[in-house]
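The structure appears right after this line, and notes come after that.
Chain lettering (A, B and C) follows the sequence in which the chains are written, and residue indices restart at 1 in each chain.
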Amino acid sequence: MNARSSLAVRMARVDKAFGPVLATKSASLEVQLGEIHALVGENGAGKSTLMRILGGLIAPDAGRVEVFGREVTGWTTRAAIQAGVGVVHQHFMLVRPLTVAENVVLGQEPKRFGLFDKAAARRAVAELIERTGLRVPVDRPVSELSVGGAQRVEILKTLYRGAKLLVLDEPTAVLSPVEVRELWGVLRSLQSGGATVVLITHKLDEVMEISSRVTVMRRGETIVSIATRETSPTELARAMVGRAVALASQQRQAEPVKQKGSALEVRDLLVAGARRARAVDSVSLTVAPGEILGVAGVEGNGQTELVEAIAGLRPASFGSIRLGGREVATFSVRERIAAGFSHIPEDRQRRGLVLDYSVAENLVLGLQERFCRHGILDRRAIAERARRLVAEFDIRPADAQAPARALSGGNQQKVVIAREMGRDFQVLLAAQPTRGVDVGAIEFIHGRLREARAAGKTILLVSADLNEVLALSDRIAVMYGGRLVALLPRAEATVEILGAQMTGAGRKEAA
Amino acid sequence: MLRFTGLANQDRRRRLEEALLPTLVALLVALVCGELLILAHGESPAEVYRELLQGTWGNAYGLGQVLFKATTLTFTGLAVGLGLRAGLFNIGAESQLAAGGFAAALTGLALPSGTPALAAIPVCLLAAILGGGLVGAVPGVLKAKFGAHEVIVTIMLNFVVLAALNWVVVAHLHVPESVHTPEIHAGGLAKLSRIFPSFHGSAANLSLVVALLTVIGTAFVLFRTRFGFDLRAVGLQPDAAEYGGVRPSRIYLLALTFSGALAGLGGINSVLGYHGYYEDGFAGGAGFLGIAVALVGRNDPFGIALAALFFATLSQGGLAIHALVPRQMMEVLQAIVIIAVAASVPEVRRILRLARRPRPTIDRSSTASTAADGPAGPQEPGVNVSAGHGGSR
Amino acid sequence: MSVVDLVAQVVRIATPYLLAAAGGVIAERSGVISLTLEGFMLGGAFTAALGTYFFHSLALGVLCGIAGGLLLAGIHAGASIRLRADQVVNGIAINLLAVGATRYFLRIAFDSASNSPRIAGFNESPGLVGLVENPLVWAGLLALPVAWLMLNRTAFGLRVRASGEHPEAARSVGVPVGRVQLWAVLWSGALAGLAGVYLALDQHQFSDQMTASRGYIALAAIIFGAWEPLRAGLACLLFAAAETLEIHLQGTSLVPPQVVEMIPYALTIIALAGVVRRVAPPAALGRAQE
């Protein structure tokens, strides 16, 4: 009874399925009152699902959820807020033209004579800011705040609603190092004020620094829960991955086939992002024919912007991009494709495919020019190409007229790969090429990338999967905070070194 | 993998269901509403509906009038439909139609009276296309350059253009005691009754043939050309289109211009085919009804032609049943059809999807719907910090 | 003609704009496109004429007019918010319905294709006195300041603004976005209905399509006023002043009346193009809610 009553959260044997996929499998989580608890795991390990269940956004299929000693399984968002659970989502839920005070009180506005009491709202929010140290200007529209400021408003929103249990989903993904320090300060002061914090993160240095206890999730299951001081980043990393069998694609890398010269050369590239002025900050790199340069890094550190800028989908503010010595920075997307670029985009459902187009049509996306005569689509050539590629890349079902939407994730990705690699190209930009696909498809795609390398193609591989980067690359770069913080030959790269660099821990070691 | 066989067929059937069911539901609603209105008048629905069919499809004159009305609606429906294929809402068809008709009339007036029809007609058609296209290009430019909301711009532009045309006609071009231009000497389109005498008296004319060719041409452009490929891609997924080397802003500009051109070409029906002159206000709401036509026709050129026939029947049918019930009832019914279709599209689709879902998940809040997309939905960004099995061994 | 008379004329012309814009601005800010003002207004004018004629009471006529606007607004809200019909398509249909239904019932109630019999009105006295005696004129002058208060000084207004900008965020803190939009649309229906009442009583009859695009002018004023109530009010007065000027210029052939007619719409397009300063609609305007 005693142990029970000191728990803020107790989730036991929680199952949740989306269609045929089990997002959580008998997952359990116990969070002590007043602790900062880190929840770590790979992509799709089930962390967010578990937290959405906790926040009342979705109901579990089986299992039991208790919050502050009360059984609340399957409760609603509203009930969760009333019970003092505050969730800070990864994507901010703020109304940009409204002021900080208005955003904080929205939905629970103080009233006076039936009117919205603006003064009382400002007072309440100012007091809250005073008490917590979450410094933001009360009367400023949210649109004028930095990302860090916006995040502080999100935390204020939950506290205004009386949150005693705060769930933060990847809070540092978008913050600068200074803002991260400030966040830790705030969380510690909230903790000393009696609040409980659950922190979802990928960055193990953060786990070590801020949390008192850590739970590791893998494939929907909670693997281990341990006091932070009794563990190490290496041990946690092993628990997160924990694969018993090495993937076939992780065999020894083939002998180098790298040729002299450079096919892709990027100099001093500066790219503005949606949330950061310097999403890519003075990046220079060269990739030779027959070489795979792997870019590792935690997502959100500028990889997306880097690839999109090279592909022509995002304007570069400064810098040069050369393909075989030819400057292409001013080229349109179409011109870059014609010049020899291929691009496997990281988000196949948004960028890589028109989901309502057939497989055959998707196989010519970006190559329309080559498959039409006098502006009229050459349907026979399109069908012919589809027939060839569907067979060659083993796209299932082998029905080129089916819409891309109807295919599984792995087969959708094969359509993209087939289109981008089933033609003549010089440079391949491969962003997260195996994300969300099954093991069989991963092996197939890795095999294709190796073949292209052997054929003398130039490949820039960007992946959040360190195994993948290690398995395929000749050289490995690490991106952190928009910069390339490390660049080393494959032989010198180890998980420990790369992991440290990409989680920001490498800086201290280097210093 | 066996369960995937016939996926394309399965999907085709699904799409067909989603396209047709809402329309059928809506027609049913309209039918019931119509019956109620008729009963309220103390008339027999069966008799009124019989009268309606008799007065439209039951005789050559009625049919001719239906075809005449359907011709204009086909053009405006195609205009709206083309825009929607690119993800744009052109509600300026009304003024584009008028501008096209005006340009055709002006050209016809300018041509010497002896010009052979074979030369005059193409020139006048081209003028109609240019007139409508010019009006369509305005929201196109504003959308492409400033990102201005095309819905608002086209509403506002309707009034500006109609007022301008009214001014030109009333102040400079009208025949005294009227609001129309003088008769055109060249470029007139023959009435259908010249070929089929039984259409005598009806307004149907060779514009009908132009409309049919335009339907086929639009379908060809949309589904068989690179431009159509690019346009539909932008309408479906602008990000993917951009990735495929298509500049969405260029498509926005072209789509709105062509949309205007299609509506403009519709101006020939009344101006060249029926009156032989431009009359102020001849559009008479056909531009707005084009929205309903595109909606019911599901933005498919052939569907649009059928929907145009349907709405033309309703509008002509109003006249046929006027002896029994006020013809204004048909205007009410048209509006009810549109509301019913618009309202049943998302709802019927939702019900269809629910019915198809293998195992329903419990949704606790609206946001849960994104979660229900499961693994195919947006993925959790992050990193696989891994140990061990890589090449380090 | 004195300045006072000129001002009176401007106010008389502006009143329906002011009333409709005051409702429309709330609906637009909540995320619902207000191209239905025209239809709501026409409906209100007709039911006002109907009520005044059959009940022989101005007060009941006013109430009937508001009810007429509310009825159409209710249909619009039901279809486009509850059933998630496309707002633009449904809005156009509502306007067609208003024209068709008023014609239909004009036929049934008064057996006429063009207008109702003469009805009473507020402005029995001529000129300025009649204007001052008309409570609807006062309602018009107060409408936009009230709309400003609603938006900026009530909890409902805060929720309206949040719903129109970022409905998901509003929903995440428990704001019932659909219900907020429903009330906003009903409010715009009631006020546009009142604008219709003013027209019918001012002209002492209902006539076919008597609103003559005044609802669209109100919409233009909202946009030209950058979705701010007070600025929208000024835009209404500006548009009315242009019309007044045109009336006095008639016969001088200095400016064609059609040019004056274009002014509200042309100015709005120019404003949207950002020639002076870019005006941006509420971020979620017209987006269907899930």
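Heads up, the rule we're going with is that contacts are C-beta pairs under 8 Å (C-beta built on N, C-alpha and C of every residue); 3 or more make two chains touch, one makes a residue touch a chain.
In this text the structure is predicted, and so the values were computed from the model without any measurement.
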Next on the checklist: So, comparing each chain's Cα centre against the centre of all protein Cα atoms, which one is closest?
Outcome noted: B
Checklist entry - Measuring between mean CA coordinates, which chain is farthest from chain B? => result A
Next on the checklist: Nearest whole angstrom, what separates the Cα centre of chain A from the Cα centre of chain C?
Outcome noted: 47
Checklist outcome for this item: Per the C-alpha centroid definition, the whole-Å distance linking chain B and chain C comes out as 28
Checklist entry - So what's the Cα centroid distance for chain A and chain B, whole Å? => result 42
Item to check | Multi-partner residues of chain C (each touching 2 or more other chains) | outcome: 168, 172
Checklist outcome for this item: Where chain A touches two or more other chains simultaneously, the residues are 77
Checklist outcome for this item: Check: chain B positions touching at least 2 other chains come out as 365, 367
Checklist entry - Which positions of chain A touch chain C when the two form their complex? => result 77-78, 81, 89, 92-98, 102, 105-109, 111, 114-116, 118, 157, 161
Next on the checklist: Give the list of chain A residues in touch with chain B in this complex.
Outcome noted: 17-19, 21, 23, 42-44, 47-49, 52, 56-59, 61, 74-77, 170, 173, 202, 204, 234, 237-238, 240-241, 243, 246-247, 250, 252-253, 297-300, 311, 313, 332-334, 337, 343, 345, 349-358, 361, 365-366, 368-369, 372, 375-377, 379, 396-397, 399, 401-403, 405-406, 409, 435-436, 464-467, 470-471, 490, 494-495, 499, 502-503
Checklist entry - Which bits of chain C are touching chain A when the two form their complex? => result 149, 153-155, 157-159, 161-162, 165-166, 168-170, 172-175, 283
Checklist outcome for this item: Listed in rising order, the residues of chain B that touch chain C in the complex are 89, 91, 138, 142, 145-146, 148-149, 151-153, 155-160, 163-164, 166-167, 170-171, 285, 288-289, 291-292, 295, 326, 328-336, 338-339, 342-347, 365-367, 369
Next on the checklist: Looking at the complex, which residues from chain B come into contact with chain A?
Outcome noted: 1, 4-5, 7-8, 10-11, 224-227, 229-230, 232-233, 236-237, 239-247, 358-359, 361-365, 367-368, 371-376, 379-392
